[in-house]
Each structure stands twice: as C-alpha cells, then as structure tokens.
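Note that the chains are named A, B and C in the order they appear, and that numbering of residues resets to 1 at the start of each chain.
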Amino acid sequence: MTTVTNRPASAGPSAPKKALIERLSIITGLLLGIVGAVLAWYLARTFLPVNTDGSYIKTRMDQEVFIAMIGWFVGFMTGIGALIGPFRWLLGKDLTHDETLFYAGKDQGVKRYFRYTTDHKVVGIQYLVITMVIFFVGGVLAMLIRTNLGHAGGNWLQPQTYNTVVGLHGITMVVGAIIMITGPFGNFIMPIMIGARDMAFPRLNALSFWLVVAAVPPLLSSIWLGGIPTGWSAYNPLENQAPPGMDGFIMAICIFAISTMVAGANITATAVKMRAKGMTWNRTPIFIYGVVASVALALPVFPVFFLSQVLSGLDRATGSTFFDVRGGGSPWLYENLFWIMGHPEVYVILIPALAALMEMAPVFTRRPLFSFNLAIMGIAGISGLSVLVWAHHLYVSGWAPLLNGPFMLTTELISIPTGMLFLVLIGTLWRGRVWITLPTAAIYAVLFNFTIGGITGIYLSDVSADAALHGSIFVTAHFHYTLMGAGLTSAIGALVYWFPKMTGRMFDKKLGWTAFWITQVGFNIAFMGMFMVGLAGQPRRVGAISAFYDKGNSITTMGAYIIMTGMLVLLHGVVVSWVWGTKATQNPWFAKSLEWSVAYPVPLENFDVLPVVTEDAYGYGKAQS
Amino acid sequence: MSELETTQRPSWWKRSDAKKAIFLWVIFTAIIGYTASIIQSRAMGSPASENMSNTINMVKIFTWAAAPVAGLVAALTITTLLGQRHFGDNPPPEAEHEIRNSPRVAATWVVVSTLLCLFAVIYGMVLVQADENKLRTANPINIDVTGQQWVWNFKYVDNGGAQSADLYLPVNKPVLFHVTSTDVMHSFWIVQMGIKVDANPGYVTETGTTPNKIGVYDLRCAELCGLYHAYMQKKVHVVSQADYDAWVQNQGGNA
Amino acid sequence: MNKRYIAALGTVILGAAVIAGIGTYVASAKNDSRVLEATPAGTMETPEGTLPHYTLDMSAYPDSMSGSHGADGGVHPDWVSYGPVTNFKVPAHSVITITIKQYDSGERLSNDFFATVHGTLDGTATLDGQSITNVDPEHVGHTFTLHGLADAKSQLFVSVPLPAVEEADMPDSGYTTSPRVVTFSFITGDAGEYVWNCEYPCGDGTTARFGGPMSTQGYMAGNFSVVKA
C-alpha cells in the first residue's frame, strides 16, 4: 500500500526536478573524463619520484601517461553513468522501476543514443555507427599507406609516421571487424530473433558499448604521443623502446578487451537462457550459433590479450622484465600470448560473418538451409581448433621447431570445418530459386574471395612454404582476402539485409549495387597485385620499396583508390537510405525468423506477448508454399 | 526421403544442372590450375637453392591440388546463377523441394577435404624433415648473423672470424647461419633461397641452405623492427669457391 | 545521369578531398625538412680514377639545442641529435668527404662491428688528425652509418664510429671545447635514396635502447639522397 501511494512522489522522468541519472550523457562523460585525465596527470607529475640520473630506464613519462589515461577512463565511465547501478548496490539498494525504464531509454527520442542506455536496440544502433566510424578512420589510414607505396622509394610519409599509420590501421580495422557483426546485429537483431525482451544483462550491454567509446581517445592520443612503431602486433622488445604513444595503444587494448569479455558473457548468457518457449537448439537460427561461437571464443582468449598488454605496460612503466631477456624474460613469451589471442580472433571475426550469410541464404533461395547439423559442426570445429593453431605464427621464430609439425597439422585440419561451412552455403544455393539482391551478391562474393583467402592460407600453413612467405606482403594479401573479402563483405550483406528492421527503411538498391561492384572489383585488383609482389619477396609493413616492386604496388594502390570510391558510395548509400529511403514493410524479404514478426519501430520490450516457437526458421520450399 | 527421391528422379549426374556443373568444374580446374601455377612460379622467380626449388614445386603442387576445390566452388556457384534467377522486390516462388540434408554429399565432402588436408600435412612434414636432415648431416660453413637496427652484419667464424656487412657465400657449399639480434626482433630472410628465421635478442636461432647458383640475391628483414625496417636489406653474393676465398682474405680472414 | 548518382559522386569527391587533406597534413609533418647539399671541392684522385670531390660538415650533440630544432631544443630538448640538419644531398659518382664534430660522451657499443670503419676509401678515417681503421668499442659516442635499399643499383654502405669525449672533458653546461673530429671519404655510386642512422644505442628502451631520438628522423637518423650530378 505505501509503495503505491508513494510512487508518484518519487522523481520519475517527468518530474520537474532532474535527477542525477537524467543529467548524465556523453557530454558529462567527456567532461569528467578530461577532468579525470588532467587531475590524474597533475597528481602523477607532482608526486611520482623522478627518474634517477643516468638511469637508462626512462619510465616516468610512461607512468604519467598511464595514470592520466586511467584518470580518463574512470572519469568517463563515471560521467556516462556506468557507476550509478554499482553505487546503489553498495548502498544496499537498486534502481527504482522508473529509473530502470529511464535507463532503457523510454521516451527519450534521439537523446537515448548518447546516454548509458540499456535497450539492446539502442546499443545495436550505437555499435553500428561506431563500427562505421572506426572503419572510416581505418580506411583513411589505408589510403595513406597505399599512397605512400604508390611510387618507388615511398617516403611521402616520414618512416616513423608511416609505421604509426600502419599500426593504427591494423588495430582500428581489427577492432572494427571484431565488433562489426556481433555489435550491431548481435545486439539489435539477436534478442528479437530468439524471442527475448532484451539481453540477459542490459546494463552490461550498455557497459560493453561505452567501453569501446572509452578506448578510442587513448588509441588516438598515441598519434600525438610519438606514435606506435610496432604495428598492431606490438612485439616486444620493439614495444619496449617505443615512445609514450605505445601506452595509449596498451590502454586502449586493455579497455577494449574488457568490453569484449563483458559483451561475450552477456551475449552467451542471453542466447543460452533467454530463447523463446519452444526454441530448442534444433530450432535456433544458425546466426545465433555464429554469434555465440564468436563471443564465446572471445571469452577465453581476450583475457590473454589483456594480460599480454598489461605485462608490456608493466615492462614499460615499472622496468619489470617479463619480455626482456636481460632480466630473465622472453620476447617469445609475448609472441605466444599475443597469438593465443591473435589467431582465434580472426575466427571471432569470421564465424559470425559466415553465420549471417547462412542465415540469409535460405531466405534468398526460398529453400531450407542445407544441412543445419553440418553448419553447427563446422562452427564448433572451427571454434575448437582455432585455439590450437596459434604457433603457426611462430614457425620461423626459432622458438620451438619441434612444434612446427603439430601446429601445421592443427592449422590444416581447420580447413575441414571451414569446408563444411562452404558446403552449407553452396548446398543452400544449389537448386534454389536465387533471388538476386545485395545480400545474395554478398554470399557469392564471399564464396569467391574466401576460396582465394582460404587456399592461400594453406600455403602459409605449410612450414617450408612459410619460410619463403612469412613476413612478406603475401600474408597481408591473404588475411585481407579473409577478413575483408569474406568478413567485411558479409557484414555489408548483413547490413543490407537487416537495414529495414533497424532503420525502418530499405537500403537504396542502385547505390548498393554500384558500391558493391566498385568495391569488389577494386578489392580483387588491389590484393591480387599484393599477392604478386608478396610472392616476389616484398616484406610487409615497409614504407619504402625497391623499384622492382613498382608495378605491383601501383596496381595495388590503384585498386585501393577504387575500393575507397566504392566505400564512399556505400557510406553515401547508408546515410541517404537511412534518412530518405523508401519505407520498409514489416517483412520485406518474406523471411521466417522471429525478428521479422515485429513491426518497425520495434517497441521497447520487443514483444507484447512472447512468441512460442514450433519449428525452425528455414521452412521454405515446396511443402510450405 | 532420399530413397523416395532416387526412385522418382533420374541419377544425379544425369540432371542438367549437374552436367553443367561438372563441365564447368573441368574447365575451371584447368584454367585456375594452369594460370595460378604459371603466375606463381613467375612471381617467385628462379630459385637459388634446393630449398627454394622445393618450395616452388610445393606451391605448384598445392595449387594443382587446390585448383579442383576452387574450380568446384566456382562451378557450383556459377551453375546456381545459371539456374532459376529472380529479380524484383517480391520474393520468388518457393523452391521446388525442401531438401534439408544429403548425408551422402556431406560425407563425400568431408572425406575428400580430409584427404586433401592430410595430403598437404604429410607432404609438408616430409619436406620439412628432408630440409632438416640435410642441414644436420652436411659439413657446413658457419656464419654468425647479427641483426641490429637497421643493419645486418656477418662474422665468418670458419674463416678466422672475419667480419663484414656484406654476405658472400661459396656456391654448392652448405652454409649454416647462427642468427641473433642485439636489440629488437628481426627476421633473416634470403628471398631466392627460401630460408627465413627470426633474429631474437638473447637467443641464437639457426637456419641453413646450400646455394646452388652463382649470382646476386636479396637479403631482407621480414619482421617489423622500427624506423628503417624497410631499409634493412642487403645483397647476397653467391660466388665460386676461389672468389669466395679471395674475398674472405681481403676481409682479413683466412680461406 | 541519375540525381542519386550525382549526389553519390559528390560524396565520393568530398570524401576523397577529406582524405587528401588528412594525407597532406600528415605528410607535411616532418621533424626536419631542411636538406644540406654537399659543397664542391674540386676533384680527387681515387683508385677509380679522378672524381669530383664534395664535402659535408656535421656535428653530433648530446642534446637538441643546436640541431635543426631551434634554440629552445623543440619538443625534446634533452634528446641527442645531429646537426645542423639531418637530411643530406650529394652527387652520384663522386668522392664525398664528411667531417663530423662529436660533442657527446659515450660508453660501450652493443656490437663491436660498429667500432670498425667500413666502406670508406682505404677503409680508414681520420680521428683528430690521425688515421684509424677502428676505435676502442668501450668508448664510443655515436656512429654515422649509411645504408639503403638492396636495389639492383650499387649498394652504399658506410659506417664510421665517433669516439666518445672523455667524461672529464664534459662540462656541466654547454658543449665541450674539444670535440672529437672524425673525417672520412667514400665514393658514391648510382643515384638513389639512402638513409643514415646512429648505431650506438643511445635512446629509450631497456633491451634495445634504440627508441626516442634513435628512432626519430631529425635526431639520430635522416635521409641521404644521392642525385645525378
């Protein structure tokens, strides 16, 4: 009784006096972050002991930078409102019902996209936008790299600038690719697809997104702190002698790794516990398997990434010697830690990408998914094997030559489950009625690009061939074929496919097709050229090249400019379609999965009445029509 | 379901789409295998050691083994495009079947890909073992290689410890490189000999080969090592034994 | 043409312009863009015949107050640096005589190879008036090491150690009045782009100590262009 009478008195969203929770947004986050950084930096400068004279370990600058960045991190997360919930718990309370609704972004219009909003659809859109921003930054950096290599001698950029550009391109693209499927579609689409009202842990969902945002300023600050000369792999001891920009990189990785772990736990829990009544594992869409495999794979490996960077940071800031041979450490330890994350990470990117394609294939061929079981076996097989292949990056490191054989075996075995996914896709296209749309085109393009990427991977997995090709730009071309040719192309297909559900509008077909063809043609020109010079012996990550490689590099640079054109058309297409596009019907592709059973805009808790599932989402074909 | 199908339909290879796919498969396999192997061996240049000859051969064989796979993917996908295409905003009518699986196809696919994979692994292992054995049994010249940002230098330990920034090797004589670094990681890579090993600070790693052709080749650093990584390269001179002896003596060593 | 394509073209042009702008900005950010050209000094007799002769003068300082970074030392006044500039231009197929005044102290090299003179005429250099082929690796201040891409062209490799100024001669402020003076000559081959750097580990880092000034052009590294005469 008392609670009922008291409720109108509590400060709801409509109350005249604004509660603290309503004042917090990205603006307070930025403000508090900057204040935190400056304050922490000032305290560090004042109280840290000075470098002893003559000491060659100049650690004080690194300590200051780290402390300032931790100040930024704490300030930003406080300012954005991440600590309100935990603080309430500390007081033995929790958020009130109204506050929870406010957190979910109820009735806030556009403002909810700039707050610590827990609604999975808001988080999905936020991820979509930040993914595009990250890809734009990475793309600009790619253009700088290719322009520098467009003519003999290079040196359009200073070598230290070039190395920083290469490193930042690598890390931004990897981060962008990791979140490009599980971020936007895993958050927006997945809960609706499984018939849930939200994620299992909505606040963790908001946390994972704002952690990504918090990681951006430290990473970009490295540009002004001397840069990162190491590439994204940040090998020691090169990392150890790098300027303070490296500290920004380390901090950004640590924050991003936490974000990935949080998102991984959340998405896994959601898919396991929140599926609608009747959605047995046999009736769960394959996209869910892909997303869960991806984030569940990230769960064990990203802590290793986090750890490797913490140890590097300690070496830099405190003079510890985890990776310093002179103090009993080993650079090989770093290489192992890095690649224990680094190789599963490419499957973290690829599995959900291919799963999105497998989700779309039945819709656009109007027949059931071919061999659902094989698809699951493929996904499980890749996930399982991927944690056992890391040392193929160390074949020529001299670390443990006896392990080359076993790692060659595991690496090549992974082609078997990958082949299963190929069969599922091709089998679904086979004898279907192919509805020619952009997502369909993405399926074909991925099959083409991924065949090339996969086969070149077999060369690299062979120890003898790797002795000739490791560290050459052939490797760069290979993983661009897999991560960009297959991964990013899938993501673009998925974007077009789910665009109507996320924005309420159809993706402009003409612009989409134009962008698709320009990008695919440019992509194959660019990276075929790169394969050639790689086979001929051009190393990776070089800013200056012998005249011998001019022709191949000119081709690649030309291809890169074509990709740029295509990507800008795509960006234009996204903006134009989002704002002025044709209004979409509820189910424009006539698909059978649950996300198409709700109208746009999807209401706050998705379903008025939770659905009950009686069959899987692939019931296409004669019997059903 | 599959029993029902076999009674109703002609054998799968008599279906027109299967015929088309098989035809395209043969064509694509030939084209892909031929062009890819030609382009690859052109790009990899002429080898200067047995290691590299073996590697080039292996790449060629892998390409020919992979060509049917790539050809099959291409043939099947293109066949699907040649079939029932549908354009427009509304979906096509449902497909004429609702086949959800074909254990036979799946099993064949998995078995064949496993065999291909095992072939690659076994072939690769045999080759690695062969290289390794050759390296250990021969009586090689030892050369200490030191990488230091961003210059290589060499110590001809079997020739009185002469030191030089130039790498000269006698032809047809096995050579064993003991590679280390004074600072960060580098990677010692002689392009035309197909050998590579990282130079790690604090450790000595080894690689070896037998150069079999007089000429000038390329040594490059293959591990990002900072500012002038791009410039950390050198010519490798493979010369006759007499020329080598003369050169070493000129460097203050003994032949 | 369709309106929608014109708009898309507009975005492409705009995007390309933004990228070009960023590129121009990034490319123009150089620590030291000035170039010192070698001074002609007649001809010289060499084993390869009579060749045009040019000279270059430079110094190695224990800080950045005297190089190309201005009187206040720029962003890193305490970094060791070469001066007056760090980019040099010399003609092809000529004898180049470089004189370096070395004002810094030093210690042990990490690699004795660089205590020896490499790639100069006769394999010698002149230290404070005396001809040398190598110096004590325990007391080296810096080195001047010139190298480049392994192109089809002739390869230039020159490395000369610059011995350290004795600790006793290092003043508390300003520079020593008795720098070590090293002079050496070498013959340039075909035109091409080369780089030079120091091989005495005098920068940041624990294992390598090649960070900071050692890894930054404009301090202990720079460009060395050999151009057609």
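In this text, a contact is a pair of C-beta atoms (placed from the backbone, for glycine too) under 8 Å apart; a residue touches a chain by one contact, two chains touch by 3 or more.
What you are looking at is a predicted structure, and each value in this text was computed from that prediction instead of being measured.
*Asks:* Would you say B-C or A-C is joined by more C-beta pairs in contact?
*Replies:* Answer by contact count: A-C.
*Asks:* Select the chain at the greatest separation from subunit B, using centres from the mean of Cα atoms.
*Replies:* Most remote chain from subunit B, centroid-wise, comes out as C.
*Asks:* Just give me the whole-number Å value for how far the CA centre of subunit A lies from that of subunit B.
*Replies:* 30
*Asks:* Averaging only over C-alpha atoms, locate the centres of subunit A and subunit C and give their separation in whole Å.
*Replies:* Result: the chain centres lie 41 Å from each other.
*Asks:* Taking the mean of the CA coordinates per chain, how far is subunit B from subunit C in Å?
*Replies:* Computed value for the inter-centroid distance: 38 Å.
*Asks:* Can you list the residues of subunit C that touch 2 or more other chains?
*Replies:* In subunit C, the residues touching two or more other chains are 149-150, 195, 205, 207-210, 215-217.
*Asks:* Going by the touch rule set out above, which residues of subunit B reach two or more other chains?
*Replies:* Counting only residues that touch two or more other chains, subunit B contributes 183-184, 201-202, 218, 220, 226-228, 230-231.
*Asks:* Residues touching two or more other chains, restricted to subunit A: which are they?
*Replies:* Where subunit A meets two or more other chains at a single residue, that happens at 159-160, 229, 237-238, 241, 325-326, 544-545.
*Asks:* Inside the complex, what are the residues of subunit A that reach subunit C?
*Replies:* Where subunit A meets subunit C, its residues are 56-58, 140, 143-144, 147, 153, 155-161, 165, 226, 229, 237-238, 240-243, 315, 319, 321, 324-327, 508, 510-511, 514, 544-548, 564-565, 568-569, 571-573, 575-576.
*Asks:* In the complex formed with subunit B, which residues of subunit A make contact?
*Replies:* 154, 159-160, 163, 229-231, 233, 235, 237-238, 241, 325-326, 330-332, 365-374, 396-398, 401, 404-405, 408-409, 412-413, 415-416, 419-420, 422-423, 426-427, 429-436, 444, 447-448, 451-452, 455, 458-459, 461-465, 467-468, 470-472, 531-533, 535-537, 539-545, 588-590, 618-625
*Asks:* Please name which positions on subunit C make contact with subunit B in the complex.
*Replies:* It is residues 110-111, 113-114, 116, 118-119, 145, 147-150, 155, 157, 159, 194-195, 197, 199, 201, 205, 207-210, 214-217, 221 of subunit C that touch subunit B.
*Asks:* Note which residues of subunit B are touching subunit C in the complex, please.
*Replies:* 146, 148-151, 153, 155, 163-166, 182-184, 201-202, 218-220, 226-228, 230-231, 233-235
*Asks:* State the interface residues of subunit C toward subunit A in the complex, per the touch definition above.
*Replies:* 2, 4-5, 7-8, 11-12, 15-16, 18-19, 22-23, 26-27, 29-31, 149-152, 193, 195, 203-212, 215-217, 223
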